[in-house]
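Read through the structures below before going on.
In the two assemblies presented below, chain A is common to both, partnered first by chain B and then by chain C.
Then we have the complex of A and B:
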């Protein structure tokens, strides 16, 4: 048996990436470019786009709904990250272990993953119905006498965040479960011999070993939260008032209800830049870029 | 807009939005490849299982005369708006297209996409006189007819639960605002929520200020707003109407959790039919919808209906109704055969078979002199007669605000209005916010 290096002739060439790059250019880069161009126009989708220079961008500064929706999007992103990671990481590690009960629970727990966002929103909308839904029963128990949760300025946005967390937590749990199973058992055996307890093992072995997964999951949560949309649209429509109008919903309403595609394009560019910047920052701050794969390209 | 379209619109909006970048980039949505050829015309309309068959029958009758052939294509509500917006004027666009009249149609007329039908209609006075003038008005922009009424009239009325009224000792639906407020208080005292309001969607909330502004200030107040007159939103009548809305909220007329009640899942109708609420202000489609979802309620004869009360001392004519006068068919200005498309509308939309077909589906066409037919057709003859008489006798048929205003202004209005109902905005702040939103 000869030992051949993984570098050199065994590595896939550039041409292997060509199909993916072509699709990416056609369905991602080109539309992005067009959105940037459209953000400098007034366009109602009916007449031809009319060049208006920086008008849409100036309007961003004076649109109180833009500021409000941007803040809500940041809150949604931050809270989603904390809540989902805090639950998904330990749960994923626990589910990675052996045992029939864990397997059954894991199967049940992943059910939300199988449902479409629209179905989830309709389902929760029914549960949150203040007169005939679960909210009318549970509301009074927690001090919300009239069951008014998604219609209340105070609770609506929290309810939205909870539903989104319910929807995506299984996915992140799945990531952590897979990653935890890949941690070499010898590490735990060595820790056991050294007399480390469960907590110590978790903090000193499991979490550091899951580093890459924590970052990947974090980037997915950040980008996903910045662009989340359909659950909010169907569950609250951004209301009551503008209490849950996050940035992507604001963009949708401007583009498809107000037929102001130019301004909506400017909002889309903001989203694009924010999402990209945030994920790059996460990668840099955590040192993700410096990490090298042991089996590059194979 | 029908219940159906509201439901579908919510669910489909999600799918649509993901395509924002793609739609904005390409500026074109795939459509049928038929338009533009002489002898082959396309008609775009909304998907509605009930009346699509009536429309298809009209198309078949026209095609049988041997002239240009019309091909009917149906769309769901929201995809339709986007598809029409992008396809009209292109070779893939429709020759005849469905629309909502008013501000919606004005956009197409101003962009030069809708054909002026005035001369063709003037040449056939018997057809022109067949339409209810108040309804034809909404298809008329700046004195020129661009839209022909093609669907039933949809005025807004109060629908009430007769049992609940009787239990509270109320025998008649009030005809004055003071009487209405007394009724609200009595129902409240009887331990029932006076009004079911699906406030999760602000178009249901909009119905109250629509009527109140008209009753208080007269139809010219909203006309000024629709015409984009400077300062029209700041009119004292607007502020008074919004004050009356907040008075209703303060009285507990809508209960406390109306902002979480959804119309699309029939939650407000469930409140009405279960007797937990006494009444609901809604369009004439409410009867069809109740019949679909709560047939027992109708069979037991519990449903009552009544027009919006008059406001004492108000400048408005109490016979004025508000709602969707009708929906309209317009001819694309770039159609290869404008005369044939126009001919289809002028011969078929007033055809007795078309009228009969619509009536049987619970739609009352916007035509004069069809009392006999209205009173004898289908299971909803009583209600249809009420709808027809109310529309025919209306001093003015004011179009729903969200349809009459340009899309961007309508959207801002709905957002601000929802804040009036939650009392985040005072009536004065609402007027100022709408005034500064401008055009």
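Then we have the complex of A and C:
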């Protein structure tokens, strides 16, 4: 009797975790449930939501903008993954090496990490300005005569993807840099003795050793790209026309510009399902535990 | 045999190294050779990162008339601090103060809530704590955009619309799962014997938390504090949707506003961007290592 009470009294109960859980439930879980309910209503943000059954969901099926925004979101995600991984992985590995110049470069590379999406979008907005920005000078050099990159149907979305890559590449480089430093040096020494060249070493040792980081970084890029929002809103507003209107932006514009919050809720549910499913699937396929344990290591 | 001079790949086989011929060339030579491809790639990326940042810095000190007449790439004929003075005489200081308030409140809320939760997760045997942790882990994947409509409804119902609290509460809530995950993983490193010794000395959970966990959790608390502050400082969606009045505007929205208002005055805008970045730059320069650790810990977003 006394022993159980001693061991029992030393351990914290549910009470200690309850405030955090309650707070999180109120501002994140409850809205998650509410968005599903709201997707079955008409709601303009002022008067009370009115039940309309499946109306929003039916509309979703025949909304060409929804299909287009979904496609754009997938393109953004895919291209971001390829581009960011292809640059961040080798760059991170290179930065993991010794040398003063690398340390100095690394310090500079990571500055964009500090900038808010808004600051980055505003900065690039001035750079892309067709009249007063860098684009007016550089545009003609690359064949865009008027320099109006973000005003062009063809290049606006590519510019958005490039700016997002500029923003997030440092972070993924940092992940790879940390992981590359953790690769045991003996592996490289053994490869050297075996006479493997630099490329061979990179392909046969470095990349396989970074497998977990490639997964972690990939999950973050996928979920992050699916929910990117500010940069596109500020840089192009989804335009020209609807050329860069990705799903989160479509949702925002429907809800808070057209005040059709019921329909926006249906779009949000799609976003929610897509985001959580993607991350759960990737995490399940690859093993979430390995992911978190790796994060602990840094 | 002349082929030996051109070997870059796998030529010196296993039997080659102990060759008596001349100085020890094989492996060591290759190791000392600078990584040209890597260096070149890093150089290209250096240009991609440095040019916009250089543009940002230099333009912010240029006179607006010079910028218009000489173009964005011209070497500035003179530098001026007028842009900064003009930004500072606008609403900007107000936005800045709002940002400080939001960031400080978010950090306070997250630290106060996350520490006991992480402590319970690491030490409790309650099944409900374990379930709660699973919920928080799932919460890592919830995108803020997906719940912004109901949050808007909630905030208006609570009559919090257009208050700083409307920004603070959801921002803190969305920073919480990651903070708990990071903090509990750092608390797991505390040896169990320390807890047992404290309990044997008659300490209850509250006492253990204050006298044992709190001092040992400092690095973890610093990490989540930095990350929460950074996230709150750079927050955009919650302020955008949950506030409207200039009196509660934060820097990120202020910048956007600025761009709309002074779209043609590029030097003024770059000065505003740099000012919004200033506190983070100072933190970065003072505690780079610390900050980077905080950022990688924040990998979940």
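Everything below uses one rule, namely that the second predicted complex is superposed on the first by the 256 of 298 C-alpha atoms of A that agree within 3 Å, B and C clash if a C-alpha of one lies under 4 Å from a C-alpha of the other, contacts with A are read in each partner's own complex, and residues count from 1 in each chain.
To be clear about the criterion, a residue touches a chain if its C-beta (ideal position, glycine included) is under 8 Å from a C-beta of that chain, and two chains touch if they have at least 3 such contacts.
Note that the coordinates shown come from a computational prediction; the quantities given were computed from them, not determined experimentally.
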Partner chain in contact with A:21 - chain B first, chain C second, else both or neither: second
Chain B versus chain C as contact partner of A:236, first or second or both or neither: first
First, second, both or neither for A:141, with chain B first and chain C second: neither
First, second, both or neither for A:257, with chain B first and chain C second: first
Which partner, chain B or chain C, touches more chain A residues: C
Which of chain B and chain C A:118 touches, first, second, both or neither: both
Partner chain(s) touched by A:285 [first = chain B, second = chain C, both, neither]: neither
Partner chain in contact with A:268 - chain B first, chain C second, else both or neither: both
Touching partner for A:35 - first (chain B), second (chain C), both, neither: both
Touching partner for A:47 - first (chain B), second (chain C), both, neither: first
Set of chain A residues, in rising order, touched by both chain B and chain C: 27, 30-32, 34-35, 38, 43, 45, 117-118, 121-122, 125-126, 129, 131-132, 229-230, 234, 248, 251-252, 255-256, 261, 264-265, 268
Chain A contact footprint on chain C (complex, rising order): 8-14, 16-17, 26-27, 30-31, 35, 38-39, 41-42, 45-46, 48-50, 52-53, 55-56, 59, 67-68, 71-73, 109, 113-114, 116-117, 119-121, 123-126, 128-129, 132-133, 135-154, 156, 169-170, 172-174, 176-177, 180-182, 185-186, 195-196, 198-200, 203-205, 208-209, 230, 233-237, 241, 251-253, 255-256, 258-259, 263-264, 266, 269-270, 272-273, 276-277, 280-281, 284, 288, 292-293, 295-297, 299-301
Residues of chain A touching chain C in the complex: 6-7, 9-17, 19-21, 23-32, 34-35, 38, 43, 45, 49, 87, 90-91, 93-95, 97, 102, 105, 107-119, 121-127, 129, 131-134, 136-137, 166, 169-171, 174-175, 178, 192-198, 200, 216, 220, 223-224, 226-227, 229-230, 234, 248, 251-252, 255-256, 261, 264-265, 268-269, 271-272, 275-276, 279-280, 288, 292, 295-296, 298
In the complex with chain A, residue positions of chain B that touch it: 10-11, 13-18, 20-22, 24-27, 78, 81-82, 85-86, 88, 107-108, 111, 113, 199-202, 255-262, 265, 267, 270-271, 276, 407-408, 410-412, 415, 418-419, 422, 424
Touch list for chain A against partner chain B, complex: 27, 30-32, 34-35, 38, 43-47, 65, 117-118, 121-122, 125-126, 128-132, 135, 146-153, 229-230, 233-234, 236-237, 239-242, 248, 251-261, 264-265, 268
